[in-house]
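Letters are used for the chains, namely A, B, C, D and E, taken in the order the chains are written, and counting of residues starts over at 1 for each.
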Amino acid sequence: MTDSSPRSSAPADETAATKQGIKIVGFLCNWCSYGGADTAGVCRFKQPTDLRVVRIPCTGRMDPLFIAKSLIYGVDGVLVSGCHPRDCHYAVGNFYARRRMEAFKAFLPFMGIDTQRFKYTWVSASEGQQWQKVVTEFSEQIHRLGPNPGVRLRSGDNSKVSSGLR
Amino acid sequence: MERTNTLSIQQSRDSDFIREVEEASGQNLSKCYQCGNCMASCVYTFAYDYPVTQIMRLIQLGQKDTVLKSSAIWLCANCQACTTRCPNNIDVAQVMETLRIMSRKEHTVSLPDIQAFYDEFLRSVKTFGRVFETGLLPVYNMRAKKPFTDLDLAPRLLMKGKLTFFPAMVKQRKKIAEIFEVIKRDRFSKEGKARPEPLSSQPDI
Amino acid sequence: MKRVAYYKGCSLEGLAAEYDRSTRMVCEAFGIELVEIPDWNCCGSTPAHSYDPLLSAALAGRNLAIAADNGCDMVMSPCPGCLKSLKGAQETCEDPAQRKAFVDLVGRDVDGLKTVSLLQLLYEEVGPQALQKAVRRPLTGHVLVPYYGCLLTRPAEKAKFDDPENPISMDRLIEATGATVPRDFPYKTECCGATYGVTRNDFVGKLSGRILDMSQGLGAEAIVVACPLCQQNLDMRQDQINKYSKSAFHLPVPYISQVIGLALGIEPKVLGLDKLCVPADILLEDRSGEDGQARQPGGVAAG
Amino acid sequence: MLENDRNQLHKLVEEALPELDMMIGWAESCDPLQTTPVFIRDAKSISKLTLGPFCSQNLAGYLVKPPALDAPPKPDAKPIGICVKGCDSRSLVALIQEKFITRDRVRIFGIPCRGTVDFRKVAQRVPLANVKSATMEGDSLVIDDSGTPLRLDLEEVLARKCLGCRYPNPVIQDVVIGQEAKPRSSSLAATYRDVAAMDAKPLEERLAFWQSELDRCIRCYACRNACPLCVCQDRCIVETREPRWLTQRVGIPEKFLFHFIHAMHLAGRCTGCGECERVCPMDIPVTLIKEKLNKIMEEMLGYSAGLDPEAVPPLLTFNPGETEI
Amino acid sequence: MRIGVFVCNCGTNIAGTVDTAKVASEALAFADVVYATNYMYTCSEPGQQEIQRAIGEYGLQGVVVAACSPRMHEPTFRRAVEKAGLNKYMFEMANIREHVSWIGNDREANTRKAVDLVRMAVGKLRFNQPLFSSKMPVNKRLLVIGGGVAGIQAALDCADGGVDVVMVERKQYIGGKMAQLDKTFPTIDCSSCILGPKMVDVSQKENITLYAASEIESISGYIGNFTVEIRKKTTYVNWDACTGCGACMEKCPAKKAEDYFNEGLGTARAINIPFPQAIPKKAVIDAQFCRQLNGKKCGVCAKICPVKAIDFEMKDTIVTEKVGAIIAATGYDLFDHSVYGEYGAGRLPDVITGIQYERILSASGPYGGHIRRPSDGKEPTEIVFISCVGSRDQSVGRPYCSGVCCMYIAKQAILTRDHLPESNSYVFYMDIRAPGKNYDEFVRRAQEEYGVQYIRGRVGKIYQRGDRMVVQGADTLLGVQVEVEADLVVLATGVESSSGAGELAEKLRISYDQYGFYMESHPKLRPVETNTAGVYLAGACQGPKDIPSSVAQGSAAASKVQSLFAHDMIETNPQVALVNERNCIACGKCIQVCPFGAIQWKELRGGIKKAEVLPSVCQGCGVCNATCPPKAVQLQHATDNQILAEVNELCA
């Protein structure tokens, strides 16, 4: 096995996860959902603490590979949120994003990554309550799934699975 | 029920009641802003002790006793006018139905004759599987101590051949009675009550 | 041939036997096969629901289950009260929280069935155009008021048929028979007094009284109904109403199925027209000779 | 029959060559089971051209790889002649659609294809070193390994991508050589049989499968280099520092991310020619990854790449109305 | 890079649930961080000075502030670091207030999260580059969309200030809803008397170009430099020639055209000038009713027109205008009450809307200012007003208060009493919303001096009984059902967004709420600005408003425009896409997806093509960046490396 990362031993993984909590990365568009998250904060709508927000200008900026990168490298969940369709600050950015993320969502499980670890949604700057709901539900969903096993091979698990294709 | 013109809100407030009504009816009653449309639309308003708008208000204030003892909830015919026109999409008729069920359970039915009629009706269903109209009325009249109700109709109905003298019976009557029994059992086991209460002062159905 | 399960309900076995008869005749005339649900039981009506909604759902649901077991996908009930119970049973069955309890009591799920009233069946499966073509004995010249009652179209989300405030399906069917319908009868869906005929006679006097009054004011010769309870209140209790409101109404109250049956040329007796308390012989007058002109209905809303 | 087709090809190329800058085709190689690409400029070499079940390479890529990519064609440049099978033609359409090549710059010699041989499947039956020659006889591949000639049913040794082929006949061509071929599949189900089989497995098994397969990946980038639509070449983000998507670290996550990048960059573009899988030295079924995305594109957005040069690839456009895609 | 981290306590707003000292001490351990501290109020003057001091003292090259939302104070801190000599883009914020301290009480988890967010900000900062704005000239012309009172006010204010104004109005006249009103509350002054002179001003100002009967076709460009295509709709009358003499109207034989100005009460001619004071006073042919245009022989207007202005062959034309700022003042529409089956669903002729009643009251209206009912022309004596029809009603999707109905009902009831002293007016209401200056006094006067009967309750049903209508409602104060027999019922239909508001918003690239009202930048502090620079709002397009508020917003928007136009040049936003030519493979996908046409081909020597971003056109959405296969085009300040750095910090 070529993988020599420190996370390759399973028990250490889990203690770390329990101690550090779950990590969810949120890619939020600056105009709507980042504002929605701010609104939720201003209104003191309590939310789970697992989410870490990356501010992006528009969901149109979202290359699905950012999601792939996050999930492959062990982030436990990825939440992308932007303006409601037709409300995009850049008119059409979220329309592009919707197709790309929808296709990516369908693709993820094929590679063995649980599609439930990724969610995209639309929340406007005024929808603080909706944001609270989205974060709470998604965080609960990720907690149910537990820490992301990632794609690294676990030590001692070198059994080859036959491809059966040839 | 006797109306009082003073109300000590905290003393008579039952906040569980608000929650129970909301849960059982599936309606959010804090949406009601007292526009009065239900009262305006209800054709039975003339007969109510509390018009339906006020029933909604009383629930908001948690006035369980007043609500469950009101005659209004038993005079509501469930005609859906209030539900159809409520600007806040509250299913008012469903709330009234919920209150009827609750008042039954709490033994606070203010109009025993209506309950007696309902009970007689259900007894007929439980016994025959169907309602035996001709048989139902005299029994109800006796129980409600209004022996002459609808007696005036009898001759004409007889002439038109509309009165039947033998109840139509469902073959699987046992199955129907079983449904009644299961419901009764679950209903009271859920409430954690020791003994099923009779439906009214009359023998149990 | 359209095959529809038929849930007639207790009233149609007793006081509303003519509704049952005329319903069967009319459906047969239009090639709709009514399959009476074998060994059907009472839906429990309001008393069951106000005792425990699950009782109501189970009683009504048993009938649906039998219908489904017999391979029917549509159930028709001419009684709006019964229909409400049937739809309530389906709602209970669809509710994830109650589904298990329901299926345990009834033996199967019933949410796949379509449940309709007689009016909806005639309006959607036959339709005014087909009816108009089938008319043998047009009711031209007769002014008839359609009275739908409170439950047939309400609440709109559950009934999923016609308009809750101003339904028009029965208007269109009556017009198809050649009769005239006054515009915008305002009490189309106002309650007639419902089950209070027995317990609160005066309610019926007041509520059904104003329906009779408004109808007469609009020049109606008869009030057409699609509910056995409405019919009892307006027809059987018309004398009681007259006594209560010191009036002298004499308005026949036929069922929609009887009116359509007459127009199709079915014998009045076969339709049970003679069973109505207020005789409806006036409907048998042939006015088609009078230039096809309706007697002008009264009131400003006419036309 | 093959002989006739080859003669026809030679004749047509001979006629066309004076008007062409060059002719790209296949020629026999030292390996009886594989041909080699050949670039013909003078008539003497035309006889090298061959066709048949060993012509597995997709030649379309040669039209767009550097230096062709950086140097725009001169206005007076002659067109390039190219031999394409059904699948290769779709790559050509995709390249025309993305404006990497213009239609009038290519003279397309369409070759209806009855499937190409995967030499690795043959190797499972007979050591490759022993194979002296291989010829087609009807639907059989006859291998001469100095013993009794070994007869293999063509279906047994076809490349995986050929088994569910819907487009054996070129979808774009100027001339056609030989007779129309019958598609092996007409349904999504048949084409994506392997994808469906994979989808049917539990999530954990799928992960284990890819972990084990991709563990072998040596990131040689042969798959990328062979892909006719991987037009970035040395600017590919798996190798750049600006931006730096991947490090040189040898780990499963890096391998996963590399294949995700390859797949996502081909989403809505991949025509399923199978070159990536054919060239993989580690025997990893990498085309399968793209097949899944192709299936998603067809089912979700109703789009198959490489059929219509006028179409817009689905991820480069949108439809405001598609609330639930 | 030498990085300084400043963790804000924000009083107890952050420090209450986050251990800010611990966040600072952990941050100090991050690579490149040479200074970290926590501070009571970092945004305060001394707080900013502390940052500036540290930049000097520790030679900081980048600064991270962990505090509130960057949407709040990013500009503040950028200015602060700029003053200390750093490029303002060498700054990052970690939002540990709205996203941390205010949404959870678990101090330990909050602190952990704050540390993560700071680590991500530091990670991103390492990849930040100094960015520089450029200057662009401002085209000092203004486009006003909508010629109602708000738009008129904005146009006149700007025109007075010397700004060239282009006004586009989709109707054939300006004045909007106010032109249809008889009187205005709470002063009862005549609507056309106060609006008329302003309308005339618009037509007479030399620096206002008016396009009536025109709509916005497309808008491109950006603040300081918009290009607008305006569709001049077919009127079949050459307005350059038309003098508004009205001869055509008099002779037009098609008399059954719909009278839109009078809200369908009465009829109009197919060729029409809707009212005598109309601006512009030009005729328009209604193609639906014109005989000539429906294949019948006519052409009377063409024969009668003294200036030969009639042109049956006319087609829409598109004109292009270039402007530097845009004010949207598209106004509102009134709720269609036909969804209320219980109020007759529009079938009862004597159930009318408030705006119809305005026309009835108006001396220039269909009945010459005499109150009559539409069905039979009789003078009504019993008049019922019903408020909240299509307002505060969830069941019809209009849960908001329209804000003006209470007042206009009071006004109409007062005017009714003035016109018909013997009449009785009843107002069914739920609450009386009269918060303006002299408003509540006005409503009280209706009740106290004019004897208007206010009944607290909604109406359940209206139906015809004989010659009158029965209004069946509730008096919730008494707890009784009430019936009023009415000759005329006036429904106070609510305010809804103007039809087509959403389509226009998409052209303007501004947001609108679920009801179609345009979103302001900040509900309190930026009420007439939008999130799209250079686009401003005035009047009811932003939400229901009465005349004084609409006028005030018109002036407010005008002042915003004039402060923009006070500059000859504006700074561009440097957070735009940039092509790394070495990596560009000239696939053209960025050009294909750019929503703004901001990327074009550029030819290098030897005919090699590369993509090139026009920084002044680019809005910075990053779709190109997400699309580019070799990632040659990078959105500055949100580059792949910057986003990846944030993700990497989380994966570490």
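Worth pointing out:
Definition applied: a residue touches a chain if its C-beta (ideal position, glycine included) is under 8 Å from a C-beta of that chain, and two chains touch if they have at least 3 such contacts.
In this text the structure is predicted, and so the values were computed from the model without any measurement.
Shared contact partners of chain A and chain C comprise E. Annotation of chain A and chain D: jointly contacted by E, touch as defined at the top. Chain pairs B-C and C-E differ in how many C-beta pairs are in contact, and the one with more is B-C. Ranked by separation of Cα centres from chain C, the top chain is D. Note on chain placement: the centre of chain A and the centre of chain B lie 52 Å apart, centres being C-alpha means.
Looking at chain B, residues 46, 81, 84 sit in touch with two or more other chains. Contact with two or more other chains is made by residues 245, 315 of chain D. Listed for chain E are residues 342, 461, 593, 627, 640, 644, each touching two or more other chains. Applying the touch definition to all chain combinations yields A-D, A-E, B-C, B-E, C-E, D-E.
Remark: chain A residues 20-21, 23, 25, 30-32, 34-35, 37-38, 40-42, 44-49, 51-58, 60-63, 66, 69-70, 73-75, 83, 86-87, 89-93, 96-97, 100, 124-126, 132 touch chain E in the complex.
Put simply, chain B touches chain E in their complex at residues 31, 33-42, 45-46, 50-51, 53-54, 81, 84-89. Interface residues of chain A, counted against chain D in their complex, comprise 1-5, 63-65, 68-69, 72-74, 85-86, 92, 95-96, 98-100, 102-104, 106-107, 109-114, 149-153, 157, 159-161, 163-166.
Taken together, the chain B residues at the contact with chain C in this complex read 43-44, 46-47, 75, 77-81, 83-84, 91, 93, 97, 100-101, 104, 113-114, 117-119, 121-122, 124-125, 129-131, 133-134, 137, 140, 144, 149-150, 152-153, 156-157, 160-164, 168, 170-172, 175-176, 179-180, 182-183, 186-187, 199.
Those residues of chain E that touch chain D in the complex are listed here as 580, 582-583, 585-589, 592-593, 606-609, 627, 629-632, 634, 639-641, 644.
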